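Shared chain: chain A. Partners: chain B in the first complex, chain C in the second.
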Partner chain A sequence: MNMFLHELKAYRKSTLIWTCSLISVVLLFLAMFPAMSKDAADFKKMLDNYSPALVKALGFSFDSLFSLLGFYSSVTLMYVLLCGSIQAMNLGTSIISKEVRDKTADFLLTKPVSRMQIMTAKLCAVITSLVITNVFFIAAASLMASVVQTEAYDYKIFLLVSLPLFFVQLMFMSLGIIISVLVPKIRSVLPISLGTVFGFFILSMLSSSNGDTASRFITPFKYFDSTYIIKNSAYEASYSIVAILFIVVTIAASYIIYSKKDIHSV
Partner chain B sequence: MNAIEIKNLTKNYGTARGIENVSFNVEEGEIFGFIGPNGAGKSTTIRTLLALIHPTSGSATIFGKDCIKFAPEIAKEVGYLPSEVFYYDNMRVIDLLKYSASFYKKDCTKRIKELSEIMELDLKKKIDDLSFGNKKKVGIIQGLLHEPKLIILDEPTSGLDPLMQRKFFALLQEENKKGATILFSSHILSEVQKMCNRVAIIKEGKLITVEKISTLEENTYKKFKLEMKLVLDKNYFKMNGVNNLEAKDNVISFLFKGNLNLIMKRISELEITNIWIEEPDLEEIFIHYYVKED
Partner chain C sequence: MNIFMREMKAHRKSLIFWCVGMIVMIISQMSKYTATSGDGQSLNTLMASMPKSLQAIIGSVSFDLSKLSGYYGMIFIYLALIATIHAAMLGADIISKEERDKTSEFLFVKPVSRNKVVTAKLSAAFVNIIILNIVTLITSIGLAGKYSKGEPLTSVIVNLMLGMFVLQLIFMFLGTGIAAVSNNPKGASSLAMGILLTTFILYNAIGMNSHLEVLKYLTPYKYFDAKNLISSVGFEPVFMILSALIILVLFTVTYVFYRRRDLEV
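Up next is the complex of A and B:
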């Protein structure tokens, strides 16, 4: 419990900053919704001039763009997801690597706790930080949505399209953790997390412009397709299973690798 | 009863040298020195004992328990001070010490206060703002606050001024009197000499010898250098125990091993202007051991 609280405290500032930025993004985008829906006809005309591939890559889809849910899930969430993924990947990559970087590994690992316990405490702290971020984000998004809505929308679907933020974050967090136990010394977390997240983000743009379904498995950004969720009020089973498997396997592997890892002096 | 038993411990770092077949025991209640030049394998051995790294082959036990398998359990009784200390910068000293204490199921508040008074450490300061020496003090208190039965020190004195070193040694001796076993690694022979009952000497990953300090001292050389008014025939010092005799103008230098009174008498008959009598450095002791081995 002491480690968990210590870790949580260490992430306090970054959690606060990321939560605020996610909320700003959603507020900013949703604030544009009333204007957008008013000019719907003009906007549609403008989009007609763009090539269909580009429009798809940018995340617009004609049918859904002008309902609140459509606007929220296609345009807003894409950027929220991007930010949230960076946050999660940062956290995941730092939990183990920061002990090496700050040379505190010797301190922590000579205490009467097993590496399993250390990993668990850190993992729980990161997940808690992510949950806090998501709770505040969804609260802010719901509030803003109810302010800007022009016609009634299904709140259950609103939640369903919002929750993938957390799932995608968990995937990037797991990826970060396994990188941090595999790479002997990570000098700086940001280049790794930004590089990975943007890499997958670009991949997701490419895969949405060519409409290929198999390539959707490669990038976490494509696992939770909002058009599908809005239509079926459910997630696609195959992608959900792969996502869960990915998270479970990477975390389990990280545990095993970390418990066998040599901690070298610096 | 042995506090530490190391059996054929080997650690390879790919092509780089680690340690090879290191075996020795540390008895309960003794202060055991572990000396060798930088990169000899002291830290590798210690880090294996602490389960920070895993041995390639061989094993080590602490209080009869395998040091890797029972690491968390052993850690309850072990206090460790690494050679370089860096702690969570954003914390105040007292927060870090409390965090450290929270790992042990005892109340360490009194002990923290006591130790910080002895080491003259301001508990309210941020660790960020501390000098290297003061950070070291945080490390010392952190390693001792749970009254460990085994204290492992990896080159503990670097960065401490002589006064603090003395206080630190006194502190260790007191812990030892209370029953703590101490494993003390260093590359400075004199500090080991002051503190320890026995030493293990390690070089290039191999254990050279384990000796009582008293035996080691009997076997060690003293370096003499004399400056005289007149040029002296260097044969004057041709006697038992004198080695490496060199004369340059009116300066004579040599190594001496044996009864010091004999050589002092010999010197007292001379008119000298200056004299240096030095402890041989570690390197020279190693040379001595290499010669013995060959």
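Up next is the complex of A and C:
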């Protein structure tokens, strides 16, 4: 319990900063919604002059994309996910590796606690910090959405498209943890986490054009497709299963590796 | 010269990683390019008449994707993003690492002035970002020759890479400036990254909403918009001056603050 509280306290400031920045991103983008929805209405009127076949060739459904939910899930969440993933990956990578880096591993590991307990306490602290971020984020997003809405939207779906933030964060967190137990000594966390997250982000941005399913498994950003969620109000089973498997396997592997790891002392 | 060589060697591995990442990125994107034929003409005009905010949502930016130059312009922002992340982190790291790794005592008891140390470190960082830029340039030109079907692209790519180079400089000096000023050596690269991420999100927000157009001076990514560099607009003088000013200020800040810095030992 001590370790858990200590870690929570150590990450208090960073959690606060990340929560605030996620909230400001969602506020910034949702604030643009009223203007966009006006543009969309004008454009829709103009579209009536074109032949239906041509409009169909544009290849997107107008009403779902330019509604509040469509706007929120396609544009806003993309940047929220980017920031949130960096936060999660930073936390995951640093929480184990910081003991070695700050030369406090000796101090911690000579205490009468097993490595399993250390890992569990640290993991719980990270997850708690992520949950706190998500709770505040969803509260702020819901509030802002109800302010800018032009017509009623389904709040259940709103929650369903918001929750993947937490799932994607968990995936990046476990990826970070396994990297931090595999690499002997990490000098600085940021290059690793930023490189990974931005790499996946850019992949997902540029792979969106071609809808092949296999490549969607590569980047966590593509696991929870909002179009599908809005249409079916459910997650895609295959991707959810892979996501859960990925998290469970990496965490389990991290436990095993960490309990046997040769820890560099001062 | 010793410090310079030492820094070059210390960053060699990470530079190789970044170069490989960049090359893989360019190859994977360029190989996806398939020139769309002209039958989408009416569709193109329809798309062009669409409000900017809507275009941004469906992901069609106003590039002519039937040409390789347009396609390259679309992926340029991501290349620039990779290069600037590298530059900002390198800048922050190279200045703050002595204190982080507790080697500042070792370095500063040597008979070199702080200015000399900063100069050597800055030159090393400078050479690093030039190498990344040149690797990007050569890979792009090489691949463009393969996919362009005769479209002359070299000058476009050289222009874009020049823009990217100035962006790299801005963010590198942002990193060094922050590292020289901030009290906490560990926080420097986080802060530089925070600023980078903010300007990147701002860049995207400006693309979606014309009311935010006035904010374009705040985000360097907007200074070298691929759209302008490809078309006849080219480099805009106001942004060139602004970039030079930013670089100059951050450059001075790095030297002045590092000289007066109370080193944490």
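Here is the rule we go by: the second predicted complex is superposed on the first by the 240 of 266 C-alpha atoms of A that agree within 3 Å, B and C clash if a C-alpha of one lies under 4 Å from a C-alpha of the other, contacts with A are read in each partner's own complex, and residues count from 1 in each chain.
Operating definition for what follows: a contact is a pair of C-beta atoms (placed from the backbone, for glycine too) under 8 Å apart; a residue touches a chain by one contact, two chains touch by 3 or more.
Since we're looking at a predicted model, the values are computed, not measured.
By the touch criterion defined above, A:257 reaches neither chain B nor chain C. Once the two complexes are overlaid on the shared chain, A:106 sits against chain B while remaining clear of chain C. Put simply, more of the residues of chain A are touched by C, taking chain B and chain C as the two choices. By the touch criterion stated above, A:83 is placed in contact with chain C alone, chain B being left untouched.
Once the two complexes are overlaid on the shared chain, A:71 sits against chain C while remaining clear of chain B. Of the two partner chains placed by the overlay, neither chain B nor chain C lies in contact with A:242.
Applying the stated touch rule to the two superposed structures, the chain B and chain C interfaces on chain A have no residue in common. If you check the complex, the residues on chain B that touch chain A are 43, 47, 50-54, 71-76, 78, 80, 82-90, 99-100, 102-104, 142. Interface of chain C with chain A (complex): residues 14, 17, 21, 25, 29, 32, 42-43, 46-47, 49-51, 53-54, 56-59, 75, 78, 81-82, 85, 89, 93, 100-101, 186, 189-190, 193-194, 197, 201, 204-205, 208-209, 211-212. Chain A contributes residues 2, 6, 10, 102-107, 109-114, 117, 260, 262-266 to its touches with chain B in the complex.
By the touch rule above, chain A contacts chain C in their complex via residues 21, 25, 28-29, 32, 35-36, 39-40, 42-43, 46, 50, 54, 57-58, 60, 65-66, 70-71, 74-75, 79, 82-83, 86, 187-188, 190-191, 194-195, 198-199, 202, 205-206, 208-210.
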